[in-house]
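Right, I'll just put the structure down here and ask away after.
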Amino acid sequence: MQIYICVKHVPDSAAHITILDKNRIDESISFLLNPYDEHAVTEAAKIKNNTPDSEVIAVCLGKNDAEKTIRSALAMGADRGILITCDKNYDSMVTALALKAAIEQDGTPGLIFTGKESIDAEGMQTMFRIGAVFDFPVATNVVKLDIEVDKAVVDCELSGGITNTYEMSLPCVLGAGKGLNTPRYPTFPDVVKSKKKPVQKIVFTDLNIKDSPAGMRIVELEPLHQARQPKEIKGDAGFVAKEIIRILKQEAKVL
Amino acid sequence: MNQKFDAIIIGAGVIGCPIAYELSKMGYKTLNVDKLPDAGEGSTAGSCAIVRAHYSTADGVAMAYEGFKYWLNWENYLDNVTDEKGLAKYMNTGSLLLKSQGHDWKKVQKNYDEVGVKYEEWDNDKIKKMVPVADLHEFWPVTRPEDPAFYNEPVKELEGGIFCPEGGYVNDPALSAHNIMRAAEAKGAKFMFNAEVVDIRSENKRVTGITLKDGTQIDAGIVVNVGGPHSFKINKMAEGVWEGCNIKTKALRHEVMYCPSPEEYDYLNKGYHMSDGDIGCYVRPEVGNTFLIGSEDPDCDPQEWVDPDDFYAGKGGHGKDNVLTEEQWKAQCYRLGKRIPTLSVPNQPKGVVDLYDCSDDWIPVYDKSDLPGYYMAIGTSGNQYKNAPVVGHMMAQLIDACEKGLDHDKKPLQYKFKYTDRSTDVGFFSRKREINYNSSFSVNG
Amino acid sequence: MMKNIGVIIELDKGRVKETNFGMITLARAKDTQLFAFVMDADAKSVKEVLESFGITKIVEVWLAPDQLNNPVTRAKAMINAIKEFNISMVFGLSTAMGKDLLPRIAAHLFAPLVMDCFYVDLEQKIAKTYQYSGKTIATIQLTGEVLVFGIRPNAIEPVKAQEKAQMLKFDSSHIVATGFRVIKSGGIDKTTRINLAEADVIIAGGRGMKNSENFNILFQCAKKINAAVGASRVAVDAGWVPYSMQVGQTGEKVSPKVYIACGISGSIQHFAGMKTSGMIIAINTDENAAILSNCDYYVKADALEIIPTLTKILDNG
């Protein structure tokens, strides 16, 4: 079975974000494999080890530097990688088309993984778009997975421990959630072994993705400034507690 | 009317607090001023707080060995003061120095013999028994993951190591500074926080006091620069001081990595502090069964000298600011991964980025200055945390002797250790010295 | 030309959730017809409340009873309804349900979608949302025949606008999802604790918690406010809680909507792990604690007293 994992090269969540030209970020910061994709790679590698005649292929649409992320996926258990090189950032709709074209050129997907979202754009939709263009069923925030001969049974987390269980035909597209597994990070020997694994490079323009009238474009990026003005809550325990509840309900809107 | 003290100490980190403590015990009325909100919140908090004795000079070894006596009797040293935050703990793991081409271990061993440091020679079998996860091949020279040579197969093994049963780390360096502050306060010392020094005043060629950012002037006949990475900026505020130093200091950026230990190895409770010059790293255990991985500054690693104010404000960009870089994360973790082949390295860097106050030869400047009344305890170069209590005592003696008429430049103070039967020539730390080429020019000291 | 705007209503046990009203308010605009799509109740039962917020057409979407909880069927039915009623802009809530519905709709319509937006300009066709782990606000331009928006719950103030609504029916009871079957809905895994990195609310304890048992106070409160429980390095170092709960420079870096710091002094190292929190509430007996000058609300009191009181009040409803 050919298991494809669609991975993304994203900024480290701890990095300083500096905005340039009011619409893009300074990319000279640390980038790495999207954290949710780590769960996808780990799961794919597990399935491969239990399924004879399978391979795991990491596919990525990104700039040249994104090869580092494919290498991370290889070190974590993927067998080979495909980097679709491009020189700008594309939206989820174009990304899905590019990934589909690259996968179809390469082989026959038995299973396609993504992470449930990328920590930069947080669009939460690419796996559904991949499913739509392939006409495969899709589930996201998958926290439990059983692959049987002709179907996948998944638990998808809605929020805080509540899950739905779905049964999907194969091939299907799965968005990995944090609860799916504990990522199996590479040791140095894993890194050395993975250096021999091949990464094929395709140029995005060679995929001839048609320009579409529909799309999403970032027209402005602004930093979120947080200047805090501390306000004291005074009173006895009962008053303070009630006031905190009010703040959580009315101001933070989390209750 | 300005407030007046006998001595103003600029900085309330792990070196500034013991100086206040010792001077207060001698009867001086001291005030520490620090621009941060609490003691030990600056570069002290980023210290790996390693306590070990291997230095490249006999004096270095002696001072470190003396320091042990303070850490091992912490409550006593603090004169049993209570700190509402609790006490910092010294964790005696023992210290293993691997014999390698990256560390002049023969010089260290000679110094141990001279000073009387207890140690055992361990062969590879013994090391493998005590550190079952270790691969003892030689990986020298130290390279970076970007270099194809990084992946060369090793061909031979190292030749064992030197184990000191006395050695380890302090679990909370910021807290240790806070402890010393409380001990100093019990002796009458005063502390002022959120107080940034912008000027050092002098009159008739003597120091007269300081001025804070908000305009407050405080007077004192003695001012001590213990400003850590900001030390060079402070020296420049005082008349004639910067020019009178042959050895200068500047701030060097450092990344320290926190990488989880292999699950089957209880590093936190069974592991040693290890100095591994073969891979250019030193490690010690950290909470969460983690390896704290420090770098021994191999030649292949870039050195970033930065402006401390920009750095702490998060400015400077990738590799110069206070955010870990993915390149250095891989460098330090993969280097350790050669020594410990089962070490799993996460993709996201985790650890601490902070500054060393580095002197030209990585040996501190513990000295007076060309401005009478102005002293400095600077250039700690990332290797003096362990000596802090000793330095406090030594600086207090130096200041007292100079104030009472000693011409320290001409006739350097001979400092007698409290516990070790040895004296050290404080002139060794002179600001006027020529660069000391005996130094290892690294965090090893 | 009159534009048709569609709002997908989310219900809980037959009642329209309050979070819909802000979204409906946002979707109202000049020269538009505002349609509400209801899949989980009959239009009559929700007519009054939807009319009070400006809905002019309520479409009751019929699904086969055994397909009601199938997200693929629901999406298919909505896609057909969107086409049938010529909807050019679709609004839904960016909730757990919405995350499983809206992207399916957008994907099959080949329409742009912005999730978790807190602002939409219907005329300019732009939406604003957060990106890069809460560090930036992105303004996104959408183009296409149909646009889809996932609205952040509670991001917009609901404003009433009385209208009279026409009731319509859309029969999608023939739709059956292929290749996708629901085996169980709403299973609860009692052992799952909300993940620190993904939590909207975090309640964290530090030195002021004094010991391991007192952390139960935080766990109990967390259950009531749907929060994850964190800790400062001091609490982990002391062995009161496991390392997985540590927030800070050398622990987990979090960005919740609310961070409640109990007995935490707020060292620079701790701040490095939570400074991008939307709101910080600090409870500390030490009036010199650094966190009190770098938070949004503070209480000079013992968290060991305040938090149980908070839990009790929430318990009593």
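Per-chain numbering from 1; labels A, B and C assigned in written order.
Operating definition for what follows: a residue touches a chain if its C-beta (ideal position, glycine included) is under 8 Å from a C-beta of that chain, and two chains touch if they have at least 3 such contacts.
All of these numbers come straight from a predicted model, not from anything done at the bench.
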Pair of chains joined by the greatest number of C-beta pairs in contact: A-C
Centroid-based (C-alpha) most distant chain relative to subunit B: C
Chain centroid nearest the full-protein CA centroid: A
Inter-chain centre distance, subunit B versus subunit C - centres from mean C-alpha coordinates, in Å: 47
Distance from the mean Cα position of subunit B to that of subunit A, given in whole angstrom: 42
Distance between chain centroids, defined by C-alpha means - subunit A, subunit C (Å): 20
Subunit A residues counted as touching two or more neighbouring chains: 13-14
Residues within subunit C bordering two or more other chains: 293
Touching residues (chain side subunit B, partner subunit C) in the complex: 36-38, 41, 45, 85-86, 171-172, 174, 258, 286-290, 350-352
Touching residues (chain side subunit C, partner subunit A) in the complex: 69, 72, 96-97, 99-100, 103-104, 106-108, 110-116, 126, 129-145, 153-155, 178-195, 197-198, 200-201, 225-226, 253, 257-258, 260, 275-276, 278-281, 292-301, 305-306, 309-310, 312-314
Subunit A-touching residues of subunit B, taken from the complex the two chains share: 151, 314, 317-318, 321, 323-327, 329, 334, 337-338, 341-349
For the subunit A and subunit C complex, residues of the former touching the latter: 11, 13-14, 17, 19, 25, 91-93, 96, 119-125, 127-129, 131-132, 136-141, 153, 155-169, 172, 178-179, 212-224, 226, 228-234, 237-238, 240-242, 244-245, 247-248, 251-255
Subunit C to subunit B touching residues, read off their complex: 207, 233-234, 236-238, 243-244, 246, 249-251, 265, 267-269, 288, 290, 293
